[in-house]
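Below are two complexes that have subunit A in common, paired first with subunit B and then with subunit C.
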Partner chain A sequence: MRRIFITLALMCVCAVAIQARLNIEQIFNDACTSDPNVTEAIVTGKAAHKINSRLDRLAFFKADAANYGEMVRKLVLADAHKASGRDLRYSDGVLSYAYIALSAPEGDCRDKVNTFIYYVESKRNSHPATVMVVLLEGSLSAKEQAKIIESLKKNKK
Partner chain B sequence: MNDTEYILGQLQLYYDCRLTDAEEERLRTLVARSRSDRPEIEEARALMGFRRPQRRSRRRVFATVAAAASLLVMLAVGGWLMHDSRTAPGASYAYCGGVYINNENEVLDILAQNLSEFGGDIDDADRSMECELNEFAEFISENLNEQ
Partner chain C sequence: MRLKLLTIALLPVFSIAAAAQAPVDTLLQSSKARSISINYSPETITLNVKQINGTKDSFHYKYSTSKESFNEVTAIKCTDVSDILVVSSDSALTVSFTDNVGYAVRNTFPLAAAPDRSIRSWTGDSEFGIGFPLRHSGKTTWSMISSGISFGFVTPTNASVAMQPSMGRSLEWTWNIILGVEAHRGRSTFQTGLGMRFRHMSTAAMHYFDKTEDGRICLTPYEEGAHDVKSGVHTFSLQIPLFYRLRFARSWAATIGPIVCFNTGGHLSTRYKIGDNKFEIKTHDIGQRPVTVDGLFAITVGGFGLYARYSPMNVLRDRAGIDFGTFSTGVIVAF
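After this line comes the complex of A and B, so read on.
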């Protein structure tokens, strides 16, 4: 009986650990997408493999900084705590740029799922400030994920 | 005197070994049929073999709970795997201005357009960082020269 309970407890811990996903994923939900000021794009699975065979998921989020800035910054910083690599930049005491790598971005990562999160606050062109988040997930290296972004930028029509 | 009180009285006699075989048999029937949850009657039921020993019963309950919990864990893990992007058949969709778009090419266009803007902002952030580092380097070199 004790063995059964130990096994069950381990299974529960594993299940909870598996389900503890990224904090930033909260912005990719129905509540945000119903807002007309929000732009969101998600590519997963086979559709993502067409972009790069090692890419499992690519998600993009853009919204006005006034309404979403604080919330997004909190989520980004929460994920930055558990990151294996990060580049956080602040402007006037506010997070203006973040690059977060979760799991090992370098070395042999064929079987490892790495996640890369970019956050940037844009204050250009006299438009209202916006916050943008890009999330890439897959068995990618840091160089590969940067190439994916570059290749998609070039596809702009 | 109600049934429970009668049974309790008979039980006292039973424990004192003052019941005849016929009375004992009648008491066994009454205990088995009684709906009372008085501890004395519960104890008598266990003693007379009308109830499984407590330990065994608890084990059965634990086994049921364990089976239910295992099923829940398996369902949770299964559900998670079903929703995992790595095993999902693939989807591409976008919300732009509150409009849902599921055309793959349109989604990729939206991504390209926005990533271009995003790339420009990253370049700005890099330039800003470079300027600040240069200012810092100048400040350091000025201080070193003064020393």
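After this line comes the complex of A and C, so read on.
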């Protein structure tokens, strides 16, 4: 009985701790990244500072929509509920694009950690349909994070 | 050990299940606001709450479907509202507030469950500041500015040896752009406007600048026994710069460009002592060139930096008989 109580208490504490952070972080765990069909990249530290001095972390996730779409959408929407700014677009009743800003991105953000999440689902008639998530974390302003996304797009070209 | 494994194994399940919840979302809770406006049709709802809690920040919300709205539109607008609460769920948006006569208002607007729809909400001091940023690329931003206060040391160029310039005592103060405009695009910025410059060139020789009857400027020896001597040429210019600024490597920026100077004022100033007696001579109408063109280069980090300014044209007219340009360098605050 005592063990069960301790187990439940630990689970509650850990679950609360996880809820305090981002839900979308869960797609960057080992279970997802061990799938060969998943593309994942995480840039932190000096490498992130080279992109932008105020960027602490950039995480990228891309996977097929059939297997991961529903799970990613749920996590993105859960984070959207905590957002200070959001732009959610539904296509055929399904979330197709999301931009989420957590904490106020306006004003002087030098000491504030802001998080920006992009979610894009490729058109479902394209083959194979994919979901993509870009997570940016740091003392970035909304404009700065937009520039990073812009530069990522240029590099892709 | 088993306990630990069980905990780790169940964590993702637990948190994903929790993430799937949260059907109701409090978008705004504020004690007061300058105004609230709501426009509702079954296809679109727009909500703006301005100057929340006396700040510049406003709250914006827009729900729209792909259908064009031809239905009746409900419009609500109230000023000086209090106790504002905006709550959203998947099917409705509820807005409640107290108007300026103390009447509590509560409206629930159903959100059309259209397959193609978008929901935006944002708190900030501008209209919807978020969205897909890529479509804003390549846009030039224009703004009014005031920029570039600098302090530096001046040395004459192409001056005669007899002038013996003293760079340590020759100073200039410049406000590059008191009021101007800036065009900003990507890393590049163009700036122009109206600025001003005070410039003082001093000589270290035992001669002072003097103006003869025919208008020529010459160096005349001090009287015997003179000490604590100081003589120089002062000019005041209104200037119109055209700067190009390039931002690079974090907060570094390089600025370069020509400056057209309208030299509206100039005088010679001489001070010296003989014994305990102080003498000061000021001579106006020294015949400075009315218009000259300079070049400036500055490099700044986080708005602070160094500059170099070259004035190749003679400061004084040819009839003054003393030809020299100037080179100056110092510190600049390029705010």
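In this section, the second predicted complex is superposed on the first by the 133 of 157 C-alpha atoms of A that agree within 3 Å, B and C clash if a C-alpha of one lies under 4 Å from a C-alpha of the other, contacts with A are read in each partner's own complex, and residues count from 1 in each chain.
The criterion applied here is as follows: contacts are C-beta pairs under 8 Å (C-beta built on N, C-alpha and C of every residue); 3 or more make two chains touch, one makes a residue touch a chain.
As the structure is a computational prediction, the values presented were derived from the model and not from experiment.
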Requested in this report: Identify the partner contact of A:62: answer first if only subunit B is touched, second if only subunit C is, both if each is, neither if none is.
Outcome: first
Query - Partner chain(s) touched by A:89 [first = subunit B, second = subunit C, both, neither] - result: both
Query raised in the report: Which of the two partners, first being subunit B and second being subunit C, lies in contact with A:46: first, second, both, or neither?
Result: first
Report task. Would you sort A:132 into first (subunit B), second (subunit C), both or neither based on which partner it touches? Result -> first
Query - Which of subunit B and subunit C A:146 touches, first, second, both or neither - result: second
Query - subunit B versus subunit C as contact partner of A:101, first or second or both or neither - result: second
Report task. Return first, second, both or neither, reflecting whether A:113 touches subunit B, subunit C, both chains, or no partner chain. Result -> first
Requested in this report: For subunit A, give the residues common to its interface with subunit B and its interface with subunit C.
Outcome: 11, 14-15, 18-19, 89, 91, 97, 149-150, 153
Query raised in the report: Considering the complex alone, what residue numbers of subunit B touch subunit A?
Result: 59, 62-63, 66, 69-70, 73, 76-77, 80, 85-98, 100, 104, 107-122, 124-125, 128-129
Query raised in the report: For subunit A, which residues are in contact with subunit C within the complex?
Result: 3, 6-7, 10-11, 14-15, 18-19, 23, 26, 29, 31, 53, 71, 74-75, 77-79, 81, 83-93, 97, 99, 101, 104-106, 142, 145-146, 149-150, 153
Report task. Please name which positions on subunit A make contact with subunit B in the complex. Result -> 1, 4-5, 8, 11-12, 14-15, 18-19, 33-36, 38-49, 51, 56-58, 60, 62, 89, 91, 96-97, 113, 118, 120-122, 124, 132, 134, 137, 149-150, 152-157
Report summary line: Contacts from subunit C onto subunit A in the complex sit at residues 3, 6-7, 10-12, 14-16, 18-22, 25, 57, 114-126, 129-134, 136-137, 250-251
